[in-house]
Amino acid sequence: MHSVGISLLIVFVVLACILGVASGLIWLERRLLALWQDRYGPNRVGPFGLLQVLADIIKILMKEDWIPPFADKPVFVIAPAITVITTLLSFSVIVFAPGITVVDLGIGVLLFLAMSSLGVYSLVLAGWSSDNKYSLLGGLRAAAQMLSYELFVGLSLMGVVMLAGSFRIADIVEAQRGLWFCGPQFVGFVIFFIAGLAETHRLPLDLPEADNELVAGYHSEYSGMKFGLFFLGEYIGITLISAMIATFFFGGWLGPVLPGLLWFIIKTFFFICLFIALRAALPRPRYDQLMSVSWKWILPLALLNLLVTGAILVSRTT
Amino acid sequence: MLSLLWLVPILPLVGFAILAVTAGQLARKAVSVIAVGAVSLSALIAIGITVAYTITAPAGTVYSQTLWQWMRVGNFAPAVALHLDALSMTMMVVVAFVSALIHIYSTGFMADDTGYSRFFAYMNLFVGAMLTLVLADNLLLLYLGWEGVGLCSYLLIGFWYRDPDNVRAALKAFFVTRIGDTAFAIGIFLLFTSLGTLNIPAVLDEISTYAPGSTLPTAAAALLLVGAMAKSAQLPLQTWLPDAMAGPTPVSALIHAATMVTAGVYLIARMHTLFVMAPAVLLAVAIIGAVTQLVASFSALTQYDIKRILAYSTISQIGYMFLALGVGAWAAAIYHFGTHAFFKAALFLGAGVVIKMLDEEHDIFKMGGLRHRYPLTFWAFLFAALTLAAVPPLTITFNSKDLILNQAFLSKGGRGLWILGLIGTFLTAAYTFRMVFVVFFGPAQSRPEKTPARSMVAPFVVLAFLGAIAGIPELLTAIFGSQNLSSFLRSALPGPTRDFPSADGPWLFQLIYVATALAGIAVAYLLYERAPQYTRSVVSTSVGSWLHRWWFADWGFDWLYQKLFVGPYVVLARINRNDVVDLFYKGLALISRVINGLLSSTVNGNVRWYVAAVAGGAVIVVGLVVIL
Amino acid sequence: MATIPVETGFIIAGLLFLLGLIGVLVRRNIIYILLAIEIMLNAAGLAFVVAGAHWEQPDGQVMYFFVLTMAAAEVAVGLSLVLQMYHKFNTLDANLINRMRG
Amino acid sequence: MTAIFYISAAIAVVATFLTITRVNVVHSLLYFICSLLATGVMFFVLGATFVAALVVIINAGAIMVLFVFVIMMLNVGPQSADQERARLRPHVWIGPGLLSLLLLIELVYSLGRYHTGVTSGQTVGPQQVGTALFGPYLLAVELASMLLLAGLLGAYHLGRGVMTFMDRKP
């Protein structure tokens, strides 16, 4: 009973933190973008505009929950929930610090992959159920893009799994005690980063929504809290990918002097900021470029990385 | 030199292969060079072999050359082997030489024909097959050559296949000879099953251990005789040969006069031991020969197509050869074959020249007076005709036929045959000179402009000359009793059974024959040159016209066969059109069609139907598993 | 982890399989047929995994892995065919494209 | 944990049943995905963790997305649902239902005669599966890769014409 109590406690704390972080990110992103773009950003509501988030949440919750009459209602409703659910579920396997985790699963990495692959449905179904050609196009793009890049998420992680010899996330972090995997798996890291960008459909790889081409892509018809869920899902996704990068390639909680949890948070925030910086810095590629890069460059590169890693491992063990 | 023997049949076959593969793509000159070259080379080698053979005869007078083993089925292992003895050598050299000359002639005769290359391909194939037949060491290889020449005969009779009549003639030749071929094949099977070998010397050795007149030799000889009869156009299977004149004239000369039709004679001569073991069959051979020559002579007397006259003449002369074989004068038969090959080929070639010059005119009564226009042709033709009529002063071949008659007279109970032969001699002279007088004498019916090509006249003259002098060796015997063809052939064939009791005998008989022949010529002169009105008056009487029509229509054989075989066959076929046996197969077809319908209705392209079938099957199978 | 009777696992697999079979038999839309085939494949895989779990051996999972491979290949080709079919016949009804008559 | 197995089994069966009865293709697909997830849970409970993850990643996450993708490409709209509804009259269920019922009865009957035992409940992890795959099943893995290659080429070849056709469409 005791352990169940602790688990429950962890679950709720993690949930609260993540939701808080995700909503905080809205403010952070806007402020950072403003900084990089040499303007102010939100600064009216509360100190440094910190309460802007609250105001936004109130606005979103108060909005009429409108469902277009031509939409496929049940699917339309489910779609935004999926993205939040899957990303949140992925957090369940993350080890924030030794012992601080929802569930220490033997197939932690696989669960993360499974959830990220299920996340596609959110976009695809949203695009389909809206019964709107822009949404449909956004959904189609999302399906193709995420199906492709999901593969590289998995492939790039396999090198890490090979080095660690386990799918358990705690083991993977422990295996980086001497050397972070961003060294030996640098290629894997780069691929994972790009693929993560695509998986969270963040700028510059936000082609499923691409405002100036597809209005707002798959969520054109969404408003109110349903839109809010997509919004939230996106920020949770950023946090998840950042946390995963920190865990898989940068030693997770490992670090000198400071406590593990703090190290983890620092690393995660660094990557979150990197994500936001990318949004500020890079233009959006064309859709066909995105796809051809994925199959013609990243896939061979990921396979080569796997092959070399495997060869080195084999040569070392024999 | 003898070791080059294999080249003799192979060279024409190589020529055929080249011509067949190039399929008319070669220039005419190239075709001529290949075809004539192959056969001429073959003939030269054959002559060389003959010389080598006569100078130093191989041990046992037989030279055999095994090329390869044909096949091996159980203990049956026929070899592709060549057998050279006096008999096959005589045949080989005559065939090769005549073939070469006729090939040369054909380059002129066929010069404008569209099927030039095809013609020479067939001709080369024929020569190859004929030489295979002649040189074969076992009956199977002989049969291969036998069928090969039959095929070529068919192809060449129907060479101008655009005319349905030619095709019909070709088919007739094919079908009629097929009867004989079938009998021949059965004979071969019989010999093989009884003796276990098809090697000819071995067969003959085996067969000589049987009692004369016992069943096996008689049956085998009879079957072989049927084959020979069909091939050599002997009564009653002679009907195809006159129609076979539909082919080009060189074909008639080569295949249907000089070589292929004498294959029957050759077969009987080659298997002579077998026939000696079957006296009844041998007697039949003699009678068939005698009757055939007489019947064919009468028919020849009435024809007006120059080639048909020659065709009947061929039948008749082969009849003489059969007569000779029948009375045991083997050497005489082969001797007559040799001279006949020369003079008959010459006559055909001469006829070909005339036909060609008169624009495909075959009717002798539309010719006439040609001796002034074509003197060389006339003289050569006259020589050949005299040879055929067996008149001594100008030609020396007379005694090839006379030998036969002598032997017939001497054989037991052969007086009747002798008389028939003598009548034949008279008729031969009559119809031959009827042709000569009508074609070359009398008033000219037309004024032909063309002159024959040298390549056509030269072989013709050579052949006529050879025909005329072919009797020299035999004449020398008669005068000096020295080495000659008959005794040469005796190394392969048994000699005459009897001889004249006194030395004066031959001369007396010689006189009778010459007188008969001269009488024939005189009658022909009288009736066709001097007083044609007598002919007309004879023919205009009812008996005369009836006989004329009867003989003209080949003694009604075609009519008889039409009524006897073709008609009933057609009627039977019509009755049996929906025949009883077919009902069974139709039923089978119906059942399979119904099953097919059922099955194909299951394969309807409907996926769900298939799945349902699979599921149903699963229910049944699992059910069975559960129950059992 | 749960211990359940192997027969129960098989019966569940069988139920799923039969539902898939009914789907194939009843539906005429070719996408449904492909979907139902997926159901059947998955059910067969379940039976393998149950058996593997009984013997505590990886072989059941290995078989499921192969079933999955096959399903992936089948779906790739099958869906391409569906696209072609829609392109050519402008219908998804499997009954209307039975041109392959015997 | 046993209860979880039975609950997910029930979910799987119900979801599968709904899969084959719905008239809207996407709804059917969603039910099937649900069924797959339930199967994944069953696998997990049975101790087959690797396959449990595979079901979700590949079957639910990739193969089914392909289905959705194709449905979206074909733009199967509401009229298709009406068509389906028209086709699914009650009588079409009778034959297949009976057939399947028969099979089920046979299956239950034949299974009822044996008592093989229970599942062990032991986890057979990815490592063991991987060792088996690249040990005794190496040839089969190679063949599977060949099969995938064939599928890839086939899909590429078949899809090419359609894609150009789609491009031409205004």
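Order of writing sets the labels: A, B, C and D. Residues in every chain begin at 1.
The working rule: contacts are C-beta pairs under 8 Å (C-beta built on N, C-alpha and C of every residue); 3 or more make two chains touch, one makes a residue touch a chain.
Computed from a predicted model, the values in this text were never measured in an experiment.
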By C-alpha centroid distance to the whole-protein centroid, which chain wins? C
Please tell me whether B-C or C-D has the greater number of C-beta pairs in contact. C-D
What is the distance, in whole Å, between the centres of chain B and chain C, each centre taken as the mean of its C-alpha atoms? 78
Length of the line joining the C-alpha centres of chain A and chain C, rounded to whole Å: 32
Approximately how many whole Å separate the CA-defined centres of chain C and chain D? 6
CA centre of chain B versus CA centre of chain D: separation in Å? 83
Mark out which residues of chain D touch at least two other chains, giving numbers and ranges. 50, 54, 62, 66, 71, 73, 95-96, 99-100, 103, 107, 123
Can you list the chain A residues in contact with two or more other chains? none
At which residue positions does chain B touch at least two other chains? 612, 615
Can you work out from the touch definition every pair of chains that touches here? A-D, B-C, B-D, C-D
Which stretch or stretches of chain D touch chain C in the complex? 1-2, 4-6, 9, 12-13, 16-17, 19-20, 25, 28-29, 32, 35-36, 39, 42-43, 45-48, 50-51, 54-55, 58-59, 62-63, 66-67, 70-71, 73-74, 76, 80, 84, 87-88, 92-93, 95-97, 99-100, 103-104, 107-108, 111-112, 114-124, 128-129, 131-133, 137, 140, 144, 147-148, 150-152, 154-155, 157-159, 161-162, 165
Chain D touches which residues of chain B in the complex? 612, 615-616, 618-619, 622-623, 625-626
Using the touch definition from the top, list the residues of chain D that touch chain A in their complex. 24, 26-27, 30, 33, 40, 49-50, 52-54, 56-57, 60-62, 65-66, 68-69, 71-73, 75, 77, 123, 125-126
Seen from chain D, its contact residues with chain B in the complex are 95-96, 99-100, 102-103, 106-107, 109-110
In the complex, go through chain A and note every residue touching chain D. 72, 74-75, 78, 106-107, 110-111, 113-115, 117-118, 120-121, 124-125, 127-129, 131, 136, 139-140, 143-144, 146-147, 150, 154, 167
